[in-house]
Amino acid sequence: MDKVSYIDHAEKWKKEFVFSSPTTIRFSETDMFGHMNNVSPFIYFEEARINFLKEVGLFTNIHHVTGVPVVADLQCDFHQQLYFDQTIQTYVKAVHVGSTSFDLHYMVVNEKKEIVLTGRGRMVYVDQHTGKPQALSEEMKQKLAAYTA
Amino acid sequence: MDKVSYIDHAEKWKKEFVFSSPTTIRFSETDMFGHMNNVSPFIYFEEARINFLKEVGLFTNIHHVTGVPVVADLQCDFHQQLYFDQTIQTYVKAVHVGSTSFDLHYMVVNEKKEIVLTGRGRMVYVDQHTGKPQALSEEMKQKLAAYTA
Amino acid sequence: MDKVSYIDHAEKWKKEFVFSSPTTIRFSETDMFGHMNNVSPFIYFEEARINFLKEVGLFTNIHHVTGVPVVADLQCDFHQQLYFDQTIQTYVKAVHVGSTSFDLHYMVVNEKKEIVLTGRGRMVYVDQHTGKPQALSEEMKQKLAAYTA
Amino acid sequence: MDKVSYIDHAEKWKKEFVFSSPTTIRFSETDMFGHMNNVSPFIYFEEARINFLKEVGLFTNIHHVTGVPVVADLQCDFHQQLYFDQTIQTYVKAVHVGSTSFDLHYMVVNEKKEIVLTGRGRMVYVDQHTGKPQALSEEMKQKLAAYTA
């Protein structure tokens, strides 16, 4: 955790998460090395990200709004091996909420509450039709902030 | 091969295939049992199916035609284990071409030309807007027949 | 349901299921046609199959027993489209329990209890080291039978 | 490309790549938003990474050596949307080759040679049995360096 560029103070960083989403690691998400495949965290991040955005109200009525949050980048640090059938909890929080974008941070813990994966990724709020960045409303910004302790 | 319901005469069945599409088994398509995961054949079937439909002309200009081929059912028989990095060839042919539907048969061979997987599935040609079965044109039927020896 | 070869009497067939396992359809399990990709049912079948086998006791202590259930074939019938974020319930039951093999049947229902997918597949109980079929114990057969109404 | 932390001089960075591996985007790797799903780049990175490591000699005879390269972190920047059936080329190079670890950088280009994805990730060379970092031999370091222009 010490070497992870997007984590300043590990204890503070951990405590800020309030939203989480559970997943159980599937057999098809393992590989011949016997543990969770390196692609799988991004499946869990996406699942938790969408659950978070739905909770915040940024994924609702997606066909009736012009704006949609788009992934600009993604990263994951592997702190501990994960295995088939483990139940993990993926925490998500928004940081650096700007006028048209925000970062999401991810923290995945195992059954013992040990941090097994961490990650982050920038989301840009874009107009579905033009593909250009669109302003986040004050209400959206407040909602994003409300899910960070 | 003897017990597979959709294969009458194995030798005749094999010889009828003329179209094929190559794939190399990815690391992420294996599982902790050390070989190709049981879900993976359906990824290869879909890839070969779309390549076949494109070749036949049933997947071209998909936004400009009302008809689209839809999967009604799928099945796969596992004859031999497959492993990471094996290069397989997936053969596809159309059988039982009817007025609004046809079956696709699949035969996957390994580097030694041994049959490792077989499969089949019914495709229904439906109107994209209504979702109802739509007649295959004579030209489509002829094209489908042309890719069977 | 009328044309599905492995379903004799639809009402009787449905009532025999007692075990089920829930799943929510992920965004990454959809495709550009806007609904659940055709590969995805086999992910859900595998997840439910392993949950079933664990419940029955055929997936426990897998490293300490010589026998392991292996998929010989798989099939799926698509009765109704499925979409992102739908929560489905996958029912599993064992039929045709023989000396070294058994069939698993699958029934997937949506939130309205409508049948959206059905399937089946033969499992062969094999010796992990030799790869040859191995006899199911009487206890295993009884357990498999116990999960069918 | 200007804001990507692991790219100092874009032109220089691009020219250093000598190894690449081709892939065609599968239908099952798209999602309901109509383009390549955000999880898919990590499938392509893994495929290209293993092809690179095989070429370099770090993935050969994997059962007979004690050392194995393990992913410590992964990241991807999305520069341009990708769609079904596009053929992409994934370039890989090793940078920061240290005593027990190295970074891999990834550059994905489309048919027009435009950069659509970039990425990086640290690999740690670990002892398979103890899980602890193991020294890269001089030969390995030279091979890794040989695949960078």
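Per-chain residue numbering starts at 1, and chain names A, B, C and D are given in the order in which the chains are listed.
By definition in this document, contacts are C-beta pairs under 8 Å (C-beta built on N, C-alpha and C of every residue); 3 or more make two chains touch, one makes a residue touch a chain.
Source: prediction; values computed, not measured.
J.: Among all other chains, pick the one whose mean CA position is farthest from the mean CA position of subunit C.
T.: The most distant chain relative to subunit C turns out to be D.
J.: Using the average of all C-alpha atoms in each chain as its centre, how far is it in Å between subunit B and subunit C?
T.: 23
J.: What is the distance in Å between the mean C-alpha positions of subunit C and subunit D?
T.: 37
J.: Based only on mean CA positions, could you tell me how far subunit A sits from subunit C in angstrom?
T.: So the centroids are 31 Å from each other.
J.: Show the residues in subunit D shared as contacts by 2 or more other chains, in ascending order.
T.: Where subunit D meets two or more other chains at a single residue, that happens at 27-28, 37-39, 43, 46.
J.: Sort the chain contact graph into one of these: line, ring, star, complete or other.
T.: Topology of the interface graph: complete, with all chain pairs in contact.
J.: Any idea which subunit C residues touch subunit A in the complex?
T.: For subunit C paired with subunit A, touching residues are 26-28, 43, 46-47, 50.
J.: Looking at the complex, which residues from subunit D come into contact with subunit C?
T.: 27-28, 30-35, 37-39, 83-84
J.: Within the complex, which stretch of subunit D touches subunit A?
T.: Counting only subunit D, the residues touching subunit A are 4-5, 37-39, 42-43, 46, 71-78.
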